[in-house]
Each structure stands twice: as C-alpha cells, then as structure tokens.
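Letters A, B, C and D name the chains as they come in the text, with residue numbers starting at 1 for each one.
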Amino acid sequence: MARVVVDVVLKPEILDPQGQAILGALGRLGIDGVKSVRQGKHFELDIDDGVDDEAITKLADTLLANPVIEDFAIRR
Amino acid sequence: MPTRVGVVTFPGSLDDRDAARAVRITGGEAVSLWHADPSLHDVDAVILPGGFSYGDYLRAGAIARFAPVMESIIESARDGMPVLGICNGFQVLCESHLLPGALVRNDHRKFVCRDQHLLVENAGTTWTNQYREGQEITIPIKNGEGGYVADRDVLDELEANGRVVVRYLGGNPNGSQREIAGIANEAGNVVGLMPHPEHAVEALTGPGTDGIGFFTSLLGVREPA
Amino acid sequence: MTVDTVKAARKSSKLEQPYAELGLKDDEYKRIRDILGRRPTSAELTMYSVMWSEHCSYKSSKVHLRQFSEKAPKTDALLVGIGENAGVVEAGDGWAVTFKIESHNHPSYVEPYQGAATGVGGIVRDILTMGARPVAVMDSLRFGRADAPDTARLLPGVVAGVGGYGNCLGLPNIGGETSFDESYAGNPLVNALCVGVMRADGIKLASAKGKGNKVILFGAKTGRDGIGGVSVLASATFTESDAKRPSVQVGDPFAEKVLIECCLEIFAADVVTGIQDLGGAGLSCATTELASAGDGGMRVDLDLVPLREASMAPEEILASESQERMCAIVDPERVDEFLAVCRKWDVLATVIGEVTDTGRVQVFWHGERIVDVPPRTVAHDGPVYERPIEKPADQDALVEDDGKELSRPKSGDELRAALLELIASPNVADKSWVTDQYDRYVLGNTVLAQPADAGMIRLNESTNRGIAVATDGNGRYTRLDPYAGARLALAEAYRNVAATGARPLAVTNCLNFGSPEDPGVMWQFSEAVRGLADGCQQLGIPVTGGNVSFYNQTGQTAILPTPVIGVLGIIDDVTRRTPHAFHTDGAQIYLLGDTLDEFGGSEWMSVAHGFLGGRPPAVDLERERLLADVLIDSARDGLVDSAHDLAEAGLAATLVEACLHRNVGARVVVPEGVDPFVFLFAESAGRAIVTVPRGDEGRFTDMCADRGLPFARIGVVDVLSTDLEVQEQFTVSLADLRSAWSEPLPALFG
Amino acid sequence: MARVVVDVVLKPEILDPQGQAILGALGRLGIDGVKSVRQGKHFELDIDDGVDDEAITKLADTLLANPVIEDFAIRR
C-alpha cells in the first residue's frame, strides 16, 4: 500500500475568491508580509502498489480536478 | 425600557435584518452592531446572525471570528452576557471557542433548506426558557456546513450536563453527531443553533411561529413577568 | 510590449487586421473603417468586435424585438421600458419594482457550477444598476434527458451554482422551472431572473452626463475572464506565452454581496448621476453605453484599471468580463463621499476617467490615445440583419401527424397506471431535490415559494403590499407552433400569477433558440416574438425587458425553440394570497375553464408514446383574462382557500400536487359526458382548480356564472382521507402518489 | 519572496463526506485499488523573506486550519 498526494490548484489566470478572502483577513489579523494566497485542494489517497501512474493521472484528471479551471500535481 | 439586543453585521451577514425583525416583533429593541466597531453600544444581549461572513470560503466563521466586535463579544459573553449564534453565528461561536466543537460540510455535500422538526432538550438556558423540555417545534434550517462534530469526550460532556439545547427530529439533515442542532455553554448564556428561529416568527413568512420562544426567552429573563 | 495607437492607425492604414478571428464580417469591418475614417486601432477593433457580437448587439433579433415597443399596451404603471438594464413598473405606495431574466446557457455547459453562478450574479447586477435592492431570484432550467450522462454532469453543478451564488448573496429563490428534453442535450438552458425594489423616485439610469464628472470603476479587479478571440490581438502585440484561452469566469458571491450593500448605501446618499454594471463586453460596453446615453463624451485612462494580472494588454482589459464590477459617474465634489462608502465596505474603487464634451469615447494607455470613437456607433448603431426566414420543411407534416390514433388508457386500472407513470416523469415529478438547495427564507419576506404557482414577496411590512412572479415556457408547444407556443407560455405565467391572487402587470422574457443563420430557426423566432408581442398587447401587460440567446444547437440540430416568459404581478395585501394546496376539510373542488381533447405536445404523448406532433392546445387570451379576474377577485373576497393552475400533465398533476403538499386526500368525480382520460390528462389552457369552503359555493358560482366563466364542481377535499379517489375509476393512496412523484429526482441525482 | 505551502487535512476521526464521495465514484470509473481518499485544503502563499516560521505556524494554526477538526503541515 502506498500513499499518493494530489494537489489541485486553480489555473493562474482564474479568479480565486477564497484566496482573496484570506488575504483580506490577514491585514486585519496583523500578519504582514504575505503577498498572495491561493487556495486549492489537497487529496491523500491510499492505493494498492499495483496502481500505476496512468490510473492516478486519470483519476486526478476526471474526479479530483476540474480541468476547465484547475491544474493538478501528483506526489508519490 | 425594552431589552436592547445587538445584531452584528459582518460583511456577508444575511439574516441580520431578520434577526432584528424577530427582536422587534417580540418586543425587544434591535441595535445593529458593525463588525469593525468594537463597541457593543450598551446592549443587553447579542445575536450573531446567519449568512456567509466573508463568503465562508475558508471555513464558515473562520474569518469573522477575528472582527473587532468579536473581541468585545467574547469578553462580555465570558462575563455572562447572553449571546445567540444562529447558523453562521453558531459557526463563529465555535471558531471563537465560546462553544466547543465545529461545524463541517453536510454529509450529503449539498446545501439544505427545509422546515425541520426539532426537540427542545434544555428549556433552562437564557434563550430557551419559554419552551418546555421535550417540546417539539418546527423551524427552518438552511446550511451547507451544518454538521456538528466534536470529540467523544466533549459530546459526552455536553449530553451529561444538558448542554444539548435542541436536537433534530425526523431525520438528520446534515450528518450532525448525535443529531445535535444546538448547544449551550456551561453557564447557559451562550447558545449556538443551526436552525433559524428568526424565520419562524410570522405565520405569513415561515412554517409557523415556533421560533418566537428563543427571543421571548431572553426578554423573560430581563423582565420577569 | 508595443501598443497600437490612434496615431499609428492613421499612419499604417494598410495594416492587415485579424477581424475575422474576432467574429467580424468583411462588411462590418469596412463599416468600422468608414465610421472612423481610418483603420481601427487594435483596442478599437476589440470594442467593436465584442459590442457588435450577436450577444451584445442583437443584430439578428432587433428587427423583431421592436414589436414589443410598437405593440406595447398603454399602461401608467411602466416607469422604465425596454432599452435600460431592466424595466421598472410602479408598485403603489411610492414603490417601484424591476425585474429581468437572462440566459447563461453556454457558460453553464462549459462549467456548470460557475456558469450558473455567474448567471445569477449578472442578472442581480442588472437589477442593482437600476437603483433597486434585489429581493428575490428565480431560475428556469432545461436539460437533456434526465437519465443522460450529460445531464448527470450538468444538473447537479448548475443547481449547486444557482444555489451557491444566490444563497451567499442572501436572496431568496422563489421559483423557476426544471425540465428535460432530448433536444437540450449539449445545450442546457440556464435562465436566471432577479426582482428588485426601490422607491419610484430613486431609479438610476446608465448615462454619463455632466462634463468633468468622474468615471469610477469599483468592485473586483479586472482579470482575463471570458476573453475569447480578443487574445488574438493581445498576443499579436506582445510575446509572453501566458495562457490565452478564454478563461472561465469564476463568481465571487461575497464580493457581489458587499458590492450590493455598498451600492445601496451610495444610492441612498444620492452621490451618483449614472451607473452601469459590467457584464458582457465589460468595459467596452459600460463606457460606450454610458457615454452614448449621456453627453456622448468620456475620457478613460485604462492604465489606472486595477488588474489581477499585471501583464494584461489594453485589448484584454477592454474585453474582460470579470464579474462583480460596476462603473459609476460621480460629481467631483462627491467623489470623496463615494470613496468613503467603498472603503467602509472594503470595496476597491478607482477613478479611471471623466465625462467630456468631445462627443467621443477616448481611451488612453499611459498617455497614448488608443481609442477614439463615437460611442453610439459602438453601443447602439451596430449592424442590423434581416435574416432569411423560412418555415422548416418538416413543419406541416409535424402538425399534420397528430397522434390521435395512439392508444389511450381506458379502464380505471389503466388510468391509474397512466397517472402514476406521468407524475413520475422528471418533468412533472417533485423538484424538491433542486429547490431544497435554495434558501427561500432569507430577507424574511417570502410569502410563497416553490412549489407554489408563483413566488410571492412582501414589499412592505406595514401595508402588506407584495409582488408575485412566475416563469414558464414549453419548447414542445413552441416547436409545433411558435406563435401559439409563445402565447401559451405567456398565458401560463399570467395564470400562475393570478392563481396566487396577484394582478399581472408586466412581462420579461428570455428567448432561447438555435442559430439565427438557419432560416427555419429564424422563422420560429419571428413567430414566437410576434406571438408574444400580440399576446402582451391583448392582455394589456407590457414587455419591460428580456434577453435573446441564439446558437443553442449541436451541429444542424437546434434545441426546441424555447421562449421563457416571466410575468410579474402586484397584490395589495399578501395576507390574502391563495395557496396552491388543499387544506380545508369539505371544501368543494371546482374546475374552471373548458377541457378539450387536446394532446398535441402534451406530457402524456411524450411519456406514453415518445411522440411529438399535432397542434398545441388552443390559446384564448380573453378567457385567460376572465379566469385571472375571477381568481384575483375571489382571493380578495376570501371565496377560495386554494387555487392551482393546470398545465403540463393536466388535471392529474394539479390534483396530485394539491393533495400531497399537506398530505390531504380528495374525492373527485368525472363530470357526466366527459371522457375520463381527457378529463385527467388533457392540457387545455385557461384552466385552474379552486377549492371553496363550505357555505361559499353559491357566491362563488354566481360570480363565475355572472361573468361567463365555465365551471364544474368536480369533488371535495377530505382531510382525513389518505387517498385520492377518482370515483368509478380508481383510488390511489397518497403514499403511492408520493413515492411515484418524489422519488425520481433523488434516484437520478443522489 | 518565497513560496510556502500549507496543507490542511481533517483529523482522521472526522468524517470526510467529500473523500467518501470520490471513493464511491471510483468504482463507476473502473479504477480499482484505491483504498481510501481524504480531501483537505492546499494553500500556496507568497511571502516576504522576512516572515519567519513562527509567523507562518501561527497563521496556519489560527486561520488556515481549525485545530479542533484539522491538522496541518507546512512546506517551504
């Protein structure tokens, strides 16, 4: 069994209201020095050793990310 | 002098006017409080209304908790001032640690708006003394992150000390642990509710008037009959 | 990065320009050159191309839509008519109401959640722009077959998007439609409606007047949202390799909520002289529309526009469709006040220019003039086409083959089975799966919402005055006869409003059709517009605004032509509203209107035989008006305690909904000499059922008889019964009805 | 300027309906061998070099994650 991590982030040109809201809050929290925040999704999968990269890519591309607005990165 | 009840408006608060209306209808004076103003303007009690403060994109209530007005509310609540958090207000109270636990995404992953049957389990809090213990009431719920979760120890403690104020009846609408719809702090002055009593104060616009008791309970405490 | 300037355009008049990639025709490009007396700069080309698109210029529909004004009935109620962001009607007590419906079909197909969400956001801004507080939304949705994979992908996302945005704005969703037909596969229809309320003297208009007044852009930053062909231009001017694909617009409902509150505070302080929302065509549209409706001149320093991505080219800034932005015209003396309100709400606001007396919109980029155009030529005097019109070749055959020979249920058992099958059809079945995802309570003024015939909102807590709104459309009827189909949709929405006790006052519409380049589609369109305009004239209620969506087709196959009609009505006292459900024991059920053997385009034909042919039900608008009068007057006089209109799936569906809402039984008799099948399932227009409490029957039937409205007593409400009984035919338990009716959507969508 | 990543995951004992839903959908996609899926949040922050670990931990602990239900991990 192996742990695979998939991080899904909005494409850079897509508006990220979530990140914006956090950035706005930081000022009020008195935390300085943060220039930008983007919020994405983080998936942790436990998979059988037999599952290959191709299957994981397909999984990420169809279920975990919405390719119309998101990119993803896989870490094994 | 009518009881002065502050209703907080955060950016993204939605049911603030409705909470104020409910206060008015039940004979109180609604005072609007602004998130950025730390002053509570001498109110006797505070309602944190429903809505999506700051869009609730991060976690419901996570950002609102840091508003200047919240510091004053947290302090006054610890000193016994009555505070009612409705829906987003409940989430803010949990994020502020005035109430234990947290509210997470509904187990069916959809927003749900419906008329919900509830069981009043604690009719002794500042906000529920006009109900009978065991009374069944119907009040709208509308939430996307209404699933109440807490450690088992916390849940046991809530149950053991009568701090579960209302419980869902006839089906759990959001996956809340032990069907919890509302809880109180130890002193009973701070109550968080997922259902919206302010939307059940007029027969014309709600499923009935079962929500009135939450507001008259407060007035009852202030002006004993 | 080099920028194309007016100066450069004068010098290099021969330069080849990619106008075709931007969707401009040869003669359109030539006209632009004629207007300017030179080649356009690439920024000007951007503005003309986006503003002369079908979506913004209405070039194919304009010649037809004129009828809405030409045939508009005289009414004192109309305060603002067609041509503004939304029409406004008077509501009494000094209040005014504005409403409009708009499509977001294609974006919802590409990204269902965001497409639907930004559709709601856009229409809400249109309403806000009029100076109104938005008070309710509705959504009219159409998908392919309910069990198609495409629908499984789209519907949950669209519904979550409508809900996600509307709920977060704090606007109650008070109604709409959800229906299914194969023809919408790949072309879902997502039409969103918003209603707003204001003082009648507080109407705001989109015009830039007063030399020296400041142009302020406020709300979200500008990003590369929705930039389509324009990126061709942008990439021609600089070489960075950043993504140039049109990007999906993502909605930020929180930003919009704050923008609404900010605008309302600004309106209350009376610090704007004109205001416009940024929607399709973004700044290109807002600047030229404001200028051309005002003094005609405006100077804009485009480099002052706050950007999400610093590398954006001026063409992209002009074409960007970033959401949650508005543009205001403000007296320089009031600018500080304006900015203070924006600061209070944490809304970004930037002075980007001012009103001038040049008669031209001039846009500068770091001091260089990149646009210099007469604004009318961009905003209003775009191309106008008289597209060829031709009745589709199969039209006559379609109408000819009326399916009358198809087998019909006869015995009680067969009728019972047909009823259960019909109410389980996704078009007729319970829509709670959808509507439970929408907040209908927020703002505390919702008197009626789903599943009522119309949504109803209390406007004023002290006078109890209110409004009711319904939307309807039936693509099958319109396919069979577009003229009649549009009138049927109008009649149904009108009837739905009247059924609640409100008096219909005004109309909005969203016309969803295939490609205007197909003469058959254009025939459907022109017939539907004619039907709607004639119908509104007859009913005495004006069209106050609307929207056209063309190109809803896959390959050569267009969607069913689908005019969606919204009707708004006023009710003096919302406590007198009529609910749609049975609730009083012993109340007599009356069927109002005439039931004929009309099954063309019916739900029964579709469900039982998968058949579409014949003529749609006849429309008699005089009868609709009479029916409405009776419904409204009997609500006012307290003669009826429920009323429910008849439409798709006829009396059967209406009875089932009236019983199930409060779980109340009823006994129904088929009137003598009437065919039970026709009685239960025909879709004749101009009908409703009402229930009259015991003792009031005489007064009620006298009213109908005096006015000449046909009525028949068809049964009685039995609160204690757990059955719907159609005497001498069949009995079906409420439990069986409920499972047939309420299980299909959850079973399909989870 | 530096990029910092914060991943936030629900504590193991908290139900994760979104992860569950993905797991359920896998079967229909014909992807086998995935034993569990948990969905969390992924934040990408651009920060000034002066911002120290302590500040970032505080940010994660007070704002980005709710320690009652979530754990977080910081990657610089």
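To be clear about the criterion, a residue touches a chain if its C-beta (ideal position, glycine included) is under 8 Å from a C-beta of that chain, and two chains touch if they have at least 3 such contacts.
These figures come from a predicted structure and were not determined experimentally.
Enquirer: Select, from B-C and A-B, the pair of chains that is joined by more C-beta pairs in contact.
Expert: Output for the comparison: B-C.
Enquirer: Taking each chain's centre as the mean position of its Cα atoms, how many Å separate chain A from chain D?
Expert: 9
Enquirer: How many angstrom lie between the CA centroids of chain B and chain C, rounded to a whole number?
Expert: 36
Enquirer: Roughly how far is chain A from chain B, centre to centre by C-alpha average, rounded to an integer in Å?
Expert: Distance between chain centres, rounded to whole Å: 33 Å.
Enquirer: Based only on mean CA positions, could you tell me how far chain B sits from chain D in angstrom?
Expert: That pair's centroid distance is 29 Å.
Enquirer: Please set out, as single numbers or ranges, the residues of chain C touching at least two other chains.
Expert: 252-255, 346
Enquirer: Mind pulling the chain B residues that touch 2 or more other chains?
Expert: Correct list: 54-55, 57-58, 63, 66, 108.
Enquirer: Which residue numbers or ranges of chain D touch two or more of the other chains?
Expert: Residue numbers touching two or more other chains: 63-64.
Enquirer: Does the chain-touch network form a line, ring, star, complete graph or other?
Expert: Contact pattern: none of line, ring, star or complete.
Enquirer: Would you pull the chain D residues touching chain A in the complex into a rising list?
Expert: It comes out as residues 1, 7-9, 19, 22, 25-26, 29, 31-48, 50-51, 55, 58-59, 62-64.
Enquirer: In their shared complex, at which residues does chain D touch chain B?
Expert: Touch residues, chain D against chain B: 10, 14-15, 17-18, 21, 63-64, 66, 68-69.
Enquirer: Which part of chain C faces chain B closely enough to touch in the complex?
Expert: Interface residues on the chain C side: 160, 163-164, 167-170, 252-255, 257-258, 261, 345-346, 435-447, 458, 461, 574-575, 750.
Enquirer: What part of chain C is in contact with chain A in the complex they form?
Expert: 110-111, 114, 220, 223-225, 242-243, 247-255, 308-309, 322-323, 346
Enquirer: In their complex, what parts of chain A are in touch with chain B?
Expert: Answer in residue numbers: 17-18, 21-22, 24-25, 28-29, 39.
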